[in-house]
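Everything on this sheet refers to the single structure shown next.
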Amino acid sequence: MSLIAKGILQGMAVTAKNFIQSYYKKERLPTVEYPEEKSTVNQFTRNIPFLVYDGEDEIEGMRCTACKLCEKACPPQCIYIIKDTDENDKPIKRPKVFDIDSSVCMSCQLCVEVCPFESIRMDSEFELSNENRFEGLLINRDELLKSNEYYHEIHPIEAQETDDRIAAKIAEAETKKKAREEKARLAAEAKQAAAAMKAAEEAAAETETSATEQAQQSEAKAEAPEDNPETKNT
Amino acid sequence: MPARGYHLSKDELGADILEVAMGPHHPSTHGVFRMDLKLDGETVVDLKPIFGYLHRNHEKLAEDIPYLGCMPFTDRLDYLCGMTNNWAFALSAEQLIEIEIPERAQYIRVICAELTRLINHCLLVGFFINDLGALGTPLLYALREREKILDLFETLSGARMMVNYMRFGGVRCDLPDGWLQECERIVGRFPAFLDEYETLLKDNEIVITRSQNVGVLTQEEATNFSITGPMLRASGVNYDIRKVDKYGIYDRFDFKVPIGAHGDCYDRFMVRMLEMRESIKILKQAIADIPEGPIMGNEPRVFKPDPQETYGRIESPKGELGFYLIADGTTNPYRYKVRPPSFVNLTALRHMCIGHKVADAVIILGSIDIVLGEVDR
Amino acid sequence: MNNFIDYKLIELGQWTVGLFNDYPVVQILVHLLLATLPLTLVFMGAFGFSTWLERKGLARIQNRLGPNRVGIFGLLQPLADGIKMLLKEDIVPDRSDKLFHFLAPVMLMVPAFIAVGFLPLGDGLMALPMDSAILFFFAVGSLNTIAVFMAGWSSRNKYSLLGGMRAVAQMISYEIPLVLSAVAVIMFSGSLNAQEIVASQQIQSWLASGNLVKEFFGQILGWHIFKPWGFAGFIFFFVAALAEANRSPFDLPEADSEIIAGHLTEYSGFKYAIFFMAEYISAFAIAGIATTLFLGGWSGPVIAGLPWFIIKMFSLFAVMIWIRGTLPRLRVDQLMGYAWKFLLPLAILNIFVAGFYYFAEQQFGSLAAFIGGWVIGFGILQTAAKGLSRLNKSPTLDGKRVYQLVE
């Protein structure tokens, strides 16, 4: 070190540059003044899951079918689901209880990835602080339910993709259903024709009734996909 | 050990040894870490590292979770380098199921890992200078630059630090539109920041007098302590797993490995500075070459690998990060063991500190680059 | 002359004292109050302002915004801090030495304020006018050491103790180069009186010439810092002053990354605030004395007097902030080595250079002495500094290094 330490002066020049430039260069003053300015969230941000519902009514439009796949996939096991039942104690495909413990959730998004019904999605809400650290942090079904429009608002690209996927699924199911109905109809017709031929050949009344029975059975088969939950969303 | 001037021993002075428990909440123990120091005046005569305050049962927990479920937990190991942790775990699990990784995914992984290296190293340098006593100025410059990269990670994976981005056989989602251009812009501007950083610190007389010949670790000692990463290279051993294993696609890039000659704190700091420049080189090549294509091999989410064991390792910014897995034919690992670089590098702490002053113990700890999330698991 | 502000202030004071001519006892009291009260209030205000300045300056250096919530530009932040400090619980460690734990902050504050009294704030503006003001200043300033050690010892905390020990070692060592670099100035001006030292830095013949340009420069060019020994002396003085005032890079007694807060570890609430204030006021005092000794005190063009003094003092304080924002801290043994093996010999050498300069000025005229001084005198100092640092450097410390890049 001689009388004037060059390295130190160099360093001081750097800090002086930063001091001055912080007054006119955005680059040098990246501070975001938080409560006034909330630019901290972009459309890809994920924080805590929420449940999407379609249309106006929260309960009717709920996409979740309480299949509990997410409950199983959640690594810290912070999802808790109870299936809903109707008046006759018959389980219906809708959760009665759907709790997420936000103090445990680690925002990993695995629940989103497993959900086959595009129901659970990540929210970008981050102001979750609460005065009650037990119940206050447990988010229940009604708080979790948010509309599809909200989903479009926070994650526009992802929500559009989801909608397209659902529409494609429905369309596919529709065409499949149509194809199956068509097939069933053809089969039934063929069978009818065969039966008619047989009937013509044997001219027996009992065989005709059995043919109609068969046709009914195959029609029932064609209707089966209607139970498929996606179609509910139409 | 270099001569540290004449100093009266405690017997000559009739004085006693002062025991100081530094930590677990001390401003510069980098988390909840404790050093039990025995001081003779200000000179360290003995040091006992004590950790475990942040133990989270990470390894045992993984045995009850399917392989994929362990992925988000790895983010929390070294919480500054989520991407590389993800990659290390994905790498070892991929060895269990032998899966082909698409080209584009490989490139994305390299880009993410090198960005992580930039983050980690510039932060480490900041913290190191902070331990030297600068009032956080270099650290805040580092944070300023890190923020930009974290924004990139956020648009990519949705989270800034707990990315949970890699999957077995690829990555979770493709790059959003314009991400590569943004990344290129940020990487292109990073060297300017490094220049600024170097002017601020490299020739600074106080940094030089404080950190040169402090905490020396010779080549032999470093290998005996099984030190890895920049710390090993600062001691003069040319060992970089990116070069040795050539995992991923690292054999396609042209980059060099900086080597220090003295193995002291200053070398550790400078090796990291130089490594950042090499990372920028890799990033530029990767961004230029990245192909279009799929980002995931078709791998079921839950799988049952045949009973076997495997060890996958990568060069994480802190050193060799390895995952040792034993599969028993179920969906969960039978044994899941992490080889954390921070923890192993920390073993040399006592050896390096003895004979130095208290202030040096702090900067030696800082130069090791530990993250307690990884040390305690 | 243009130091009318000072004269007006003095007149005001004399007028106030004159009001009590009939009551001699009261008059003395009033006199005392006039000398101390404004000073105390002004410097307390300056303390508040400087904490704001420091926080703001550091923040900008670090690319942050700094305090900006309380008042415009956060100017009321010091007030808010003060209220916060007052309302905080005053925690005294159970096993501490309670009396000394309480006394330490007071002990630190009193000498700080006394030291301020010796500053020549303007022409004739001095709270405690005294012929040996400089000597007294240093004497009072060294009382700090006792208070800091008191705090470190009485807290019964190992970090505090380490901090206290460091403080004693550091302050005692740096006192010597501090005083020795001031000795050069005292020798040159031939007086210990602060006012006369300031006067010696004005080129009196130019001031009396009546030429406006000459008057302007006569107030500046005489400053000791423009002389080779003055420049070197200023550097030594400033470095030692940083150490005396516990400012970075010599803030070892309260090194937060090593010993938490050193002697302040166990202090909270208002006692902590008093410590803080005392430290800032000492920093002011020492910046003020550096101004007096090397930067021409209150002399300056156009508005000589109090304004210039304040400007200079705050500029020095700003430099301290700037240094704090840039530099890491030295290690304790390096710190001592720096004082004893580097600053001390150089400060002594500087005294000789100053002496030769003085005679050269009388022998060859001031211009020749000025040029010769800068070439020869400064050359000698620079060579000595280089030689000393080479001598001191441990053989293994190699400064710049080259790094290999391998495949």
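The first chain written gets the first letter, and so on, giving A, B and C; residue counts start at 1 in each chain.
Going forward, a contact is a pair of C-beta atoms (placed from the backbone, for glycine too) under 8 Å apart; a residue touches a chain by one contact, two chains touch by 3 or more.
Keep in mind that what you see is a predicted model, and the values were worked out from it rather than measured.
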item: Topology of the chain contact graph, where touching chains are joined (line, ring, star, complete, other); value: complete
item: Comparison of A-C and B-C by number of C-beta pairs in contact, larger one; value: B-C
item: Farthest chain relative to subunit A (centres taken as mean CA coordinates); value: C
item: Distance from the mean Cα position of subunit B to that of subunit A, given in whole angstrom; value: 36
item: Euclidean distance of C-alpha centroids - subunit A vs subunit C, Å; value: 66
item: Gap in Å, rounded to a whole number, between the CA centres of subunit C and subunit B; value: 43
item: Per-residue multi-chain contacts in subunit A, two or more chains; value: 1, 8, 11, 14-15, 18, 28, 30
item: Subunit B, residues touching no fewer than two other chains; value: 137, 141, 144, 200, 203-204, 206-208
item: Of all residues in subunit C, the ones touching two or more other chains; value: 61-64, 325-327
item: Residues of subunit A that touch subunit B when the two form their complex; value: 1, 5-8, 10-11, 13-15, 18, 28, 30, 42, 44-46, 73, 75, 106-110, 113-114, 122, 157
item: Footprint of subunit A on subunit B - complex, ascending; value: 65, 68-73, 76, 137, 141, 144, 147, 151, 154-159, 162, 164, 172, 176, 196, 199-208, 301
item: Complex interface listing, subunit C residues touching subunit B; value: 58, 61-64, 158-159, 161-162, 166, 248-249, 251, 255-260, 324-334, 337, 394, 396-401, 403-407
item: Residues on subunit C engaged by subunit A in the complex (per definition of touch); value: 57, 60-65, 232, 235, 322-323, 325-327, 342, 381-382, 385-386, 389
item: Residue numbers on subunit A that touch subunit C, as the complex places them; value: 1-4, 8, 11-12, 14-16, 18-19, 22-23, 28-31, 33
